[in-house]
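Each of the next two complexes has chain A plus one more chain, namely chain B in the first and chain C in the second.
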Partner chain A sequence: MISFEKVSKFILSEVSIHIPAGVTTGVIGVTGSGKTTLLKLACGLLQPERGSVYTLGREATIPSGRQTKLLPKELGVLFAHLPLLQPEESVRSNFQSRGLIYRMPKERFWREYHRLSERLGFAEFQQEKVQTLSLGQRRRAELGAVLLHQPKLLLLDEPTVGLDQNAKEALRSLLEEREADGLTTVITSHDMSDIAAVCGRIAVLNQGRLYAYGSRELLLKKYAPVDVMQLTLRSGVPNLEDLPVKSYAADNDKWMLIYDSNHITSAEILRTILTTCSVQEVSIHKPDLEDVLMRIEQEKTEVTEEQGKT
Partner chain B sequence: MLTPYLAFAKKSFLNRSAYRFNHFMGILNTILRIFIFWGIYKALYGDRSEVDGITMTMVTTNFILSICLEAVFCVNDFYLPDRINSGSIANELLLPISFPGRMLADNLGNAVFKLIYHFVPALIVSVLIMGIQAPAGIPMLLLFILSALLGYGVLWTISFAVQMCSFWLINVWSIVTIKNVFVNVLSGSMIPLWFMPDWMSGVLELLPFSSIYFTPVQIYLGQLSYGEIAVKCAIQVVWIGVIYLIGTLLWEKGKRKLVVQGG
Partner chain C sequence: MKNDTLHLAGVYTKTVMKSWFQYKVDAVLRSLAVFLREATGIIVIYFTLLKFDTLNGWNIYEMLFLFSLLFVTYGILIIFFTGLRDFGGTVRSGNFDRFILRPRGLLFQLIFCNADWFAAIGHGGLGIVLFVISAGKVGVVWNAATIVYYLLAIVGGVLIQGAIFLFLATLNIYLLETNSLKELFYWNMRKFAGYPISIFHKSIQVIMIYVVPFAFVNYFPAQYLLRKSDMAQYPDIFMYLTPLVGGGMYLLAYAFWRFSIRYYKSSGN
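Now for the complex of A and B:
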């Protein structure tokens, strides 16, 4: 569906990645790591300095002449910093324009329009001019606009900025439904919880390089395998001698154990502790994508320091 | 189903009708300009019935038709610059529709609105108060309409090419102003080319500006033979082709700049 072969552009350097059809992929990375550049390359809004980008089986480039009818019909693109809708027109009028541009039959257009306006909650302000809307309202309408023509490939740059929890939930369920119909989505977001909720695959960009790419579980196992177990004991003292615990701390009856989940599971630890103690309360903190990013940043700092010493 | 371009022209037409105050002010502006020119030329002619073989009626017909056509030929010179400044051009490039085609459709919708609601009332008021020369026969009237359409094509392509400068300039206001001055002065709408020295009018008649308003008016007044009309219309077509080609080359270069430099 999308294929990057040793692509360099601006901060992106030698990026090779293949995003298959029907998968929702999240692109994460700190600010300035090249997330938006990656999306712009994927839709042809930027041309690579080196390497090649193929999208939907064609070289990704801005269409001209007869090509205008090919690639864009299958593509839905939303960039956080680029206006998608005409500000001086109403939301409804903007959608009608898009229906015409994508040559949607009237019946299909209205069916989709009503469905999206209800799901994303922009029906109540559909007659208002886009320039009078709040950020959250505008984003709801923009998301509806890119989904309207039922694209095969959706590229979303920071789609949840300004959205409340209800709208985020609506977007998540819409994307899940469309994914079941074969939609391929690539999302960038600074909010890791948004990405984690919808993405089957995660690509981590670090200083323009593809640092890691795979399923969420795989990334967590590789970069943030450390779980934290907090216990409140009723009686006894745990025997940790045979357990591969990285570190632990105790304050009277409250204990905290840090361990590598690749080496031992929480259940195995708890089973061992229960042989000598009675446990009143237990909680386990699993790492998330934020921890993955932090770990990657940490590794980078360590490498820089190492290089500084030599 | 309407083609997207036709639908956009219709939408542009309907959008204009929403701004009624603006619409009435536009008619008033056109009529006021006609009266100002009438006053100036009346003062210049004084008691004379003609100057260098050009009668007051011919001059009056020239500026009334030119100003009324100007009201119709109202091209939005900031269609592309506004989109480049806001950044929305990037999203528009990804739509399955020709951007120049959409630009033309938007302008044509506006032109049709102005033709019905500005041109016709301003012309009726002017004819009733000042009177204009009748067209030199039905064939000439039809050829006038054809030439006026080609004149619009010339003006639109000039605007299209000028707007392409916005890919390289932050503000195109000054270039658009210069273009408008050239169109106003060299098109013969303010000062008919009849009053220019022979060498100058010879040069100006070859430039694209005179073919916007002056060529249609000359045809209307019956000053050109059929052979001359064919040559003048051919000049209009050639200018449309040449300027459109320049504009298209700049458009492709501008798009290339966007995808290489990122805007």
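Now for the complex of A and C:
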């Protein structure tokens, strides 16, 4: 669906990635890591300095002439900094214009419009002018607008900025539904929890390089494999001698164990502890994507320090 | 569904109107302000020219006729070509990126999303007033042939200036900013075009005929209708070429646009 072959542009350097059809992929990275540049390359708004970009089976170049009628119809693109709706028009008339631009048959247009306005919750302010809406309201309408013509490929740059929890949940379920119908989505976001909830695959950009790419589970195992188990014991003392625990701390009946989930599972640890102790309460903290990014930043600092020494 | 282009043009026009009519008084005053601003310039020239009987054989009404062609064509021009005139701003605001990502022609969107109807009323209105004042006094015999010629000359004049805007907009893709070029090649040349080109130095005449051919916007069409003696220094064929020059220039500028648009780079984050 999207294929980058050794692409360099601005901060992006030698990025090669293949995003298959029908998958939702999150692109994470700190500010300035090249997330938006990657999306702009994917939709042809930017051309690579080196390498090639193929989207929907075609080289991602500026569509002109005949191509204009083919490529954008299959694309839904939302950039945080690009105006998508006419500010002096109401939400509803913006959608009507869009339906016309995308040549949607009336029946299909109204069916989609009503569905999206209910699901994303902009039905209640559909008659308001876009310029009078709050950021969150505008973003709901914009998300509806990019989904309206049922694109095959959706590129969303920071789509959850300004959205409340209900709207995020609505977006997540809409994307899941569309994914089941074959929609491919690429999302960039600063909010790791949003990405984690929606994306089957994650690409991590670090200083313009593709640092990691794979399923969420794979990334966590590779970059943040450390789990933390907290226990409150009723009786007994745990025997940790044979367990590959990285470290532990004890305060009377409260224990905290830190271990590498690649080496031992929580269930195995708990089973061993239960042989000598009675446990009143147990909680396990699993790392999230925020931890992955922290780990990457940490590695970067270590490499820089290492280079400083040599 | 294919024939919905006019409908969409109507929708875009309605949106542009709504945008202007957010501030109704300002919208009306804009037309008036443009009219008065340009009329003031003409009034100054009018009183200056009253001190002379003729300017290289052109009397005051013939000069006003020359000006009327310039204003009428510009009035029509900014309905269709404001988006190209202000292309740099459209790119900087991110709106051009938005156009690119829609399944409609780029020029179609640039034209209909930016039509400046109120300035058009100001410029076009002044052009019509000047035409009404001068047309009856310059000795033109208005018949079917001259009316058809006049209309074709207007179309050609609009296309010539539109081609200049389209060419400069295309250069914007490579140079990122072309305001100085626009000032130099359009606005300065347009100032010369208010007068018979025969009064200028040969080098300026060459520029106005062959480089930025404003002479075909008003001077040569006016010559066809007025037959002034200074036409003797130019080939007669020039009087008939305005529609061809307009069409040819526009096609060339359009080909340049089509070739160059693939090199467009989004303005960044």
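Keep this in mind: the second predicted complex is superposed on the first by the 310 of 310 C-alpha atoms of A that agree within 3 Å, B and C clash if a C-alpha of one lies under 4 Å from a C-alpha of the other, contacts with A are read in each partner's own complex, and residues count from 1 in each chain.
Note that contacts are C-beta pairs under 8 Å (C-beta built on N, C-alpha and C of every residue); 3 or more make two chains touch, one makes a residue touch a chain.
Because the structure is predicted, anything quoted here is derived from the model rather than measured.
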Clash or fit (per the criteria above) of chain B with chain C on chain A: clash
Partner chain(s) touched by A:Tyr211 [first = chain B, second = chain C, both, neither]: neither
First, second, both or neither for A:Lys40, with chain B first and chain C second: both
First, second, both or neither for A:Leu100, with chain B first and chain C second: both
First, second, both or neither for A:Phe4, with chain B first and chain C second: neither
Contacts of A:Leu75 with chain B and chain C, given as first, second, both or neither: both
Chain B versus chain C as contact partner of A:Tyr223, first or second or both or neither: neither
Identified clashing stretch of chain B versus chain C [37-45, 127-135 or 217-225]: 217-225
Set of chain A residues, in rising order, touched by both chain B and chain C: 10, 37, 40, 43-47, 61-64, 68-70, 72-73, 75, 77, 79, 81-84, 86, 97, 100-103, 105
Interfacial residue positions of chain C with respect to chain A in the complex: 1, 4, 7-8, 11-12, 15, 18-19, 22, 93-95, 97-98, 100-106, 258, 261-266, 268-269
Chain A-touching residues of chain B, taken from the complex the two chains share: 1-2, 4, 7-8, 11, 86-88, 90-91, 93-98, 252, 255, 258-260, 262
Contact footprint of chain B on chain A as seen in their complex: 10, 37, 40, 43-47, 61-64, 68-70, 72-73, 75, 77, 79, 81-84, 86-87, 93, 97, 100-103, 105-106
Residues of chain A that touch chain C when the two form their complex: 10, 36-37, 40, 43-47, 61-65, 68-73, 75, 77, 79, 81-84, 86, 88-89, 96-97, 100-103, 105
